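Order of writing sets the labels: A, B, C, D and E. Residues in every chain begin at 1.
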Amino acid sequence: MTDSEKTPGGASGGAAAGHPERTVGHTGEESHPPPPLTVTDVTVRFAGLTALDSVSFTVEPGSVHAVIGPNGAGKSTCFNVLSGVYRATSGSVRLGRTELTGLAPHRVAALGIARTFQNLALPPHATVADSMLLGRHRLTRAGFLATGLRLPSAAREAREHRARVGEIAEFVGLAGDLDRPAGALPYGKQKLVELGRALCMEPTVLLLDEPVAGMTADERRRTAAVVAGVREGLGISIVLVEHDMGVVMRLADAVTVLDFGRRIAGGTPAQVQSDPAVVRAYLGESPQSAETAANEEATP
Amino acid sequence: MSDTTHAPAKAAPHRTPRAYLWLAGSLLLLALPFYLDRFWLQAGLFAMAAAIGAIGLNLLTGATGQLSMGHSFFLAVGAYGYCVFAGESGEENGRQLTGLGLPTWLAVVLAVLLAGAAGGLFSPIAGRLRGAYLGIATLALIFIGQHVLFNAGDLTGGFNGRDVPVLSLFGFDFDDTEVVIAAVPFGSSEKLWYAGLFALLVGGLFARGVLRGRPGRAMNAIRDHRIAAGVMGVPVARYRAAVFVLSSMYAGLAGVLIALIFQRTVPDYFGMILALEYLAMIVIGGLGTVAGAVVGAAFVALLPQLLTHYSDSLPLVADPGSGGVTPGEASRYLYGAAIVAVVLFLPGGLTRLSVPMVRRFSREKS
Amino acid sequence: MAALEVRALSVGYGPVRALHEVSLDVPPGGITAVLGGNGAGKSTLLRAISRTLGFHRGTAGGGTVHFDGRPLDGLGAAGVVAAGVVQVPEGRQVFARMTVADNLRAGALGARGGRKRYAASLAEVHELFPVLADRAGQRAGLLSGGEQQMLALARGLMARPRLLLLDEPSLGLAPLVAARIGETIRRINDTGTSVLLVEQNASMALRLASRAYVLEVGEVTLEGDAAELAASDEVRRRYLGVVDETAAEDADRAQESAPVLRRWTA
Amino acid sequence: MTTFVELLLGGLSMGSVYALIALGFVVIFKATEVVNFAHASLLLAGGYVTAVLHDDIGFWPALGVGIAGAAVVGSAVEYTVMRRYRGADHSVLAIVTIGVDILLTTELTRRIGTDVLALGDPWGDKLLTVGDITIAQTRVAAFVAAALLITVFLLAFRYTTWGVSMRAAAENPQTAALMGVRLGRVSLSAWAVAGSLAAVAALFLTVFPTPGLERATSLAALKAFPAAILGGLDSTTGALAGGLIVGVTESFATGYQSDLTFLGRGFGDLAPYLVMVAVLLIRPAGLFGTKELARV
Amino acid sequence: TEGDGKGEDAGGVKTGQGVSDKTISLGVLTDMTGVYASLGKSVTQAQQLWADQTNKAGGICGRTIELTVRDHGYDPQKAVAAYTELEPDVLGFVQFIGSPFVAAVEKRIDGQDKGLVLPQAWSANLLGSPYVRVVGATYDIETINAIDYLLGNERIAKGDKIGHVYFEGDYGENALVGSEYAAEQAGLTIVEQKIKPTDNDMSAQVAALKKAGVKAIVISAGPRQAASLVGVAAAGGFNVPVVGNNSAFAPQLLATAAGPALMKDYYIASSTLPIGSDEAAPKKLATEYAAAYPDDGLDNGVVSGYTAASLYGEVLKKACESKDLTREGVDKALLGLDAFSTGFGITHDFSDPAAPSTRESVIMKPDSKVPGGLKVVQEARVAEPAEGFTFGG
C-alpha cells in the first residue's frame, strides 16, 4: 500500500495546511488520533452494472485522502457505502476494529462518520441554523419527553449546541446567513452549508463529495483553507472527492484513483498525477487540468 | 418554523406583546362558560377536541411528512377505548356490552395509550409507504374501523354506539347534574370546558416543545430528505414509528374528549369525512406548527356550526321547501368556498398572517 | 445589433436585491461569458432572461431584455423557449424519476422540426456523451453527478436553441469531460448558436468567449473583450486563481487569519 | 360454479368502471401529483348533463355533450382554482380539491334534488346470456369502453409528447418550463381529460343494474381510490389492473358473504382496501407505479 | 322573549320552554343535504304544510305554530349541535331524522330535557322512552307482517329459504330481528346479505341469493338498492317475490329501467296508507301538498311527516284542554292518547312507551298510474306472529 507509507504529519501536501510540526502536534499528543478507515475489496453492483469492483484503500488517521476518477467511476457510490446509504454487494469497510458494512446510516453516523452530498441535500425552507443543528443530532440527547416537557436539561443542551453551531458557521464563513433559508442561498454557499452541517457532527472521519464545485478560484482557495483548517484543528481524517486537481494537489496526502469502479492507481498526488493510466483515463493528455490550466493562462 | 432558530435571547424582544395577548386570551377563555350557552360551549368543546387531534395530525403529516387520511380511526380507538375501559358490563338497549368498569381517569390514560398502541401497530406498514400511497393506505384504517365498530357489537354497541361513562376526577363528576357557580348553573359542557381547555393547553405546549426541539428538527429532516436525515444520525424508521404513536395518542385524547361531549359514541361519526376534515384543518391553519393546527381546527370545527346557526339569516336562502337554496346548502357553499379561498389567499395557512412580521423581526436582529 | 440585449435589469427576491441595473450583450453568433462569485447574481440573471424568476419568488424590478430585437419581458418561460432561447439550469435539475431517454425527449419538447430532426439531435448528443446512450433506460436520478450534468447539457442541446444560456455547465465534470464541453460549446457556436456562458472555470470561459462581464453583488463591475479581461489583475487573481507574489502573500495572510476551529469539548 | 363465473364477470365489468374512474385520478396525478378529491363531483356533472339532455337530443348526442360538459367543468376548475396554487405542497392542493368538491357536489345535488335520473341508454336491462351465464349488456359495454379508452391512453402516452410533458411538469415545473412545456396547458388538458373520463364512468355507474343518477352516485368514486393506488397512481395500466382487482374482490367478498361470516357481514366494502394494503406491503408504489428513488 | 316563559298565561294554561303567549315553537332536525335528503325534504315540507294549515285554522291553544328547521346533513356533530341549539327554545321536536343521533341525545332527553321527540325512524331500539315516540309499527314488526303476507298468499311455505338484504345500522338490523323471528315461527331459513348505503349494484347479492336458492327476498334498504335488486333479479329470470320496508321505495324509481320489474312482483309494508290511496285523508293531503309544492313529487315521506305533525297537533290540543302546555303536560297528554287516527288507515295507541304505537301494516304494490306510485294490495292488519312479538324479549 503506497498510501500507508507516509505519515500525515510529514505530508508534503500538508504543507499547504502550513506548519508540519503543529499538525503533528495536533494529531499527536493533544488527542488520540481517529482510527484508520480501511476499505477492503468492496464491490457494489446495480442491475446491470458494477459501480465498484473490489476496491481497497486505507485512510490513514488524520490524513486527507483524495478519491478521484472520471464521472461515473464510483466515487459517490463509494461514499454511499462508507456512510451506509448503500450496502456493499461484497467486501468490508472497517473503522479501526468496528465493521461498518451493513450498518444503517444512522449507526454509521453514530461512529462519527460525516459526509456532504454531491447533489445538495439541504431542505430549501429550513434555515441554515436548523440544518446545522440537525448535524448535532447524534451529539444531543433531548427526546420527545424532555423537549415536550421542556426539562431544563433540554434547554441547556440546546443553548450549548447553538453556541457551537455559531462557532462552526463563523469558521466556514456562514455567520451572516444563519437565519436565512438554505434555498435562498447561492449554489456555492449551499455547498458551504453542507460542509458546516457535516462539521457539526464533530466527525472523526469527514467525507467531502466535491466541496468546491461551483466556486470561483479564490472561493475555492478559501474553502480549501477551511478544509485544511479542519484537519489541522481537529486532526480528523478526511476523504475528499474532487475534480479540481488544484485543490486535490494542495490538500491530499494520498490519492486513490477509480475508473469504471476499479482502483487504477494510488499514491501521493505527485505520483498519481504523472501516472499515465490516470492521465489517459482522467486528466487528459494535455498537461492542463482545471486549476493548472489557470497557471498556464498566466504564463502564455 | 423559522423562529425556532433564534436563541431565546433573540426571541425575547417580540415576546412581551405576545405575552399580553396570551394573558388576555386565556382570561377570556376561562371566563366564557359564565357567559355562553350550552350550544356555543359545545361548539367550542368540539373545536378543542379537534384542535388536540389536529395537533397530532400535524406532528405526523405536517412535520414528518407522513400523509394520513385515517386519523379518525385513532379518534375512534380513543373514544371507544374509554367507553370499554370505564363502562360497566351489562345490558344496554337490547345488547350485552362488555366493560371493565375502571376508574374514569385511568380509563382516559389507558384509552390514550391504546390509541398510541394502535398507531404503533400500523407504523410498520406506514414505514414502507410514502406520500399519496400512505395517505390512501391509511384510508383503509377507516374502513376497517367502521367495520369493527359495526360488527364487534359487544364492545362497541354496534350501530347505536354505547353510552359514555361520565368522567369524574377526584370525586368531581363532569355530568349534567347542575352545580351553581357564581349564579351560573354548570352542566356537563361548562365543566368539560375546563377539562378540554386544560388538555388542549398541555397537549399544545408539549407538541410545541417537541417541534421546536431536537425531535422536531429530526422530523422535519425526515420529511425533507429521508436519506440525508439518516446520514445525519437520525434513526429514520424509529422516528417515523415514534411520531405515528405520538400522533395517534393525540388522536386518542381527542377521541375521548369527543366521546365525553357526545355522551354517547356514534360510529357514523368516525368516518372518512372526519379524517379529511382533520387534514383540512392542518392545511388551512398551517402545516407543521401547533398554532396552525389550533387555528385550523377552530376554523373547520366552528365555521359549519356558525353557518348552520345563522343559516336562516344567510344571504339569498329560501326557507325549506320553497325550492331555492336551503340554509343547509348555503352553508355548504360557504364552507367549500372558505376552504378554497383561505388556502388561495393564505398559502401556508392562516397562521402565516402573523409570521411575516416575526420573520422581519429576526432579520433585523441578525 | 446584438442577439441578446439586457438593459438596466434589476431583480429582487422579496427584500433581497439580487441584480441592480445590469446591462449586457450577446453578439449574434457570439459567446459571452459572465464571471462572478457566489451570490453575485449570475443565476438570477439567467432566470430573469428565461422568465423563471417566478419560481423563486423573484421579481424583475425594471429593465428590458430583447432577443433579436424582440422583447422577452412579456413572454412566459415556454414562450422564451419558443423564441429559441434555452437555459441549462444550475445544479443539473434532471427529471430524476424519468428515464434518460425521456429526459432527452423532454428536452426536445421546445424544439421545432419533426422526428428526423429529433433523431439527428439525439445521435449528436449520444455521440457527445456515449454514457447517455448506454443508460438510455436508466432513471436519471440514478446517474452519477457528472452523468446528470451531461444529461442536463444534452437535454438543453436537444432543443436546438438559437441562444443557449449555460449555468456552470462544467460543474462536477472530470477535467477531460470539462475540456470536451469547452469544445462542444465552441462547436455549437460555430453552427450559429449564440451562447451566454456562466462558468466558474474562468480560464475555460474566457478562452471560449469573445465578450465577458464580471458581476459582483448584483452589479457589473468589469466588462469588455474576453482576452483583455483575462489579462486584468483583478480577474487573474479572483477568477483565474493565479497566485502572483502580492496575491500569494495576502493569500497566506488569509491562511494565517483563517479562523482555526478548536475541538469541541462537552 | 356458474355463481363463481357470474360473480367473476360481474366483478370484472364493475371493475372496468372503477378502472375508468381510477384512470381519471391517474391522469391528474401524472400531470400534477395531486390526489383529486373533486373527481366525484366531475362524475356527477357529466352524468347530470347527459341525464337532463337525453330526452330532447337523444342518448348519444347527450352523452357527447355530457362528456364535453364534464371536460369543461374540469378545465374550469383547473383554470379558476388549481392554477392559482402552482408550486404549492401536494397535500395542500388535495385539500383545495376537497373544497372544490364540496362546492360542485352541493350545486349538483341541489339540481338533482330527490330525483333518480335515467340516462336513457340503449341497453336497458337487456342481458347477454352465454350458456347459463348471464351478464348485463351495460356491463359488457362498460368493459369494452374501459378497454378501448385505456388502450387509447397507453398509445397517447407512448407516441405523443403529452405524457412526457405531463410527467416533466409534475416532477419539476420550473425545469419543465425551461424545456418549453406550457404548464398551464398541460394541467388544463389533464383536468379536461379527467372530466370526460368521469362522464363516461358516470354513465356506466348509473345505468342498469343501478337505478340511475342521483345525489349519492358520486360516492362510488371512493371505490376508485384503492383501485388507483394498488395499480400505481401514475400508471395507466395500473388503473385498469387496479380497477379489475377491486371489482372482483368486492364481487367475491359480497357473493360469498355467507361463507365469510367470521369476518363479520358487509365485508364487501372493506375487502378492496385490505387487498390494497396487502399489495402495497409487497410493492409500496403499487403494481405498476414508478418506485421512488434512493440515490444521493 | 319566546322560550322559557315559565308560568301561566291569561287563560290559566301552564307554559314552559318553547311556548309564549303567541306562539308554540317546535323543532325540526332534518337532513336535506345528506344521504336522507329525499326523505327529509318531503317530511319537512309536509310538516311545514301542516303548520301553515293549523295556523290558518287559528292555531292551537290560541297560539300559532312555529317550526324551526335545522338541516344537519346527516352529520352527527351537526345533529347533536343542532339539538343542543334548539332544545332550550322549543317545546319539542316534530321531526328528528337519523336514529343514531336520536340515540346520541336520548340520555339528555330522558334525563333533564323531557321534550317530546318524534323521530322519523322506526327502529325498535327507540322504544322505551316516554319522550321519544315512534309513530307506527317498528321495522321488526313491519318485516314480520311483510313475510306473513307472502306466507298468506302461498308465495312461500314452511321449509323455504328466503333472502334478506339489509342495511348495516339500526334500520336493517332491526328488520333482521323481525325476519328471523318470523322465519323461526314459520319454519323458514333466512339467507342474510348485509349491505351499505353506498352499494348501488345488487348483482352480487342476487347472484348469491340465487345460488342459495331462496324463494323470496326481503329488502330492508334504500329505494336505490331495492330497484337494483328487483331489476337484476327480474332481468336474470330469477322470478321471486320481493318485499320491502316502507323506506325501500321511492316513486322516482318507476321512471327508471327497473320500473317494470318493480311493478311486477314487489311489495312494500308500511304503517300508513299510500298517499295515492283514494281514501279521503290521503286524497286531501295529496291535493293540498301538490298545491303547496307543485314541483315536488308525492311520496310516503309526505304522509309520515304529516302524520307525525298532526299527532303533535292532537297532543297539543289535549294538553291545552288540560291547561298544561309544559313539556310534562305534553308528555302526559300523549300517554293518554290511545286511539289516534288521521284517516291513514291505522289507529295508533301511545299509552305504552315500550310498545310500538301500532302493530298493523298496510301492504302496497308499486303502480306508476297512481300518485305516489303505490297502491294498496292488503288493508292494514297484524300478522298473528307480530301480535306476540316483543323486541329484545
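Here is the rule we go by: contacts are C-beta pairs under 8 Å (C-beta built on N, C-alpha and C of every residue); 3 or more make two chains touch, one makes a residue touch a chain.
Bear in mind that the values here come from a model prediction, so they are computed numbers and not experimental data.
Chemist: To get from chain B to chain C along touching chains, fewest steps?
Modeler: The fewest steps needed to get from chain B to chain C is 2.
Chemist: Between A-C and B-D, flag the pair that has more C-beta pairs in contact.
Modeler: Output for the comparison: A-C.
Chemist: Measuring from the mean C-alpha position of chain C to the mean C-alpha position of chain E, what distance in angstrom results?
Modeler: Chain C and chain E have C-alpha centres separated by 76 Å.
Chemist: Distance from the CA centroid of chain A to that of chain B, rounded to the nearest Å?
Modeler: 45
Chemist: CA centre of chain B versus CA centre of chain E: separation in Å?
Modeler: Here the centre of chain E sits 36 Å away from the centre of chain B.
Chemist: Mark out which residues of chain C touch at least two other chains, giving numbers and ranges.
Modeler: Residues 142.
Chemist: Taking each residue of chain B in turn, which ones touch at least two of the other chains?
Modeler: Counting only residues that touch two or more other chains, chain B contributes 150, 227-228, 231, 329, 332, 363.
Chemist: For chain A, jot down the residues that touch at least 2 other chains.
Modeler: Expected reply: 76, 85, 117-119, 121.
Chemist: Taking the complex as given, what residues does chain C use to touch chain A?
Modeler: Per the stated touch rule, the residues are 13, 16, 35-40, 43, 90-92, 131, 142-150, 168, 171-179, 200-204, 206-207, 230, 236-242, 244, 251, 254-255, 258-264, 266.
Chemist: Inside the complex, what are the residues of chain B that reach chain A?
Modeler: 1-2, 4-8, 205-207, 209-210, 212-218, 220-221, 223-225, 227-236, 242, 246, 362-363, 365-366
Chemist: What residues on chain D touch chain C, complex-wise?
Modeler: Those residues of chain D that touch chain C are 87, 161, 164-165, 167-168, 171-183, 290, 292-293, 295.
Chemist: Going by the contact rule at the top, pick out the chain B residues touching chain D in the complex.
Modeler: Within the complex, chain B touches chain D at residues 61, 67, 125, 128-133, 135-137, 139-140, 143-144, 147-148, 150-152, 227-228, 231, 272, 276, 279-280, 283-284, 287, 325, 329, 332-333, 335-340, 343-344, 347.
Chemist: Which residues of chain C touch chain D in the complex?
Modeler: 50, 52, 55, 76-78, 81-82, 86-87, 89, 93, 95-98, 102, 105-107, 109-111, 139, 141-142, 155, 159
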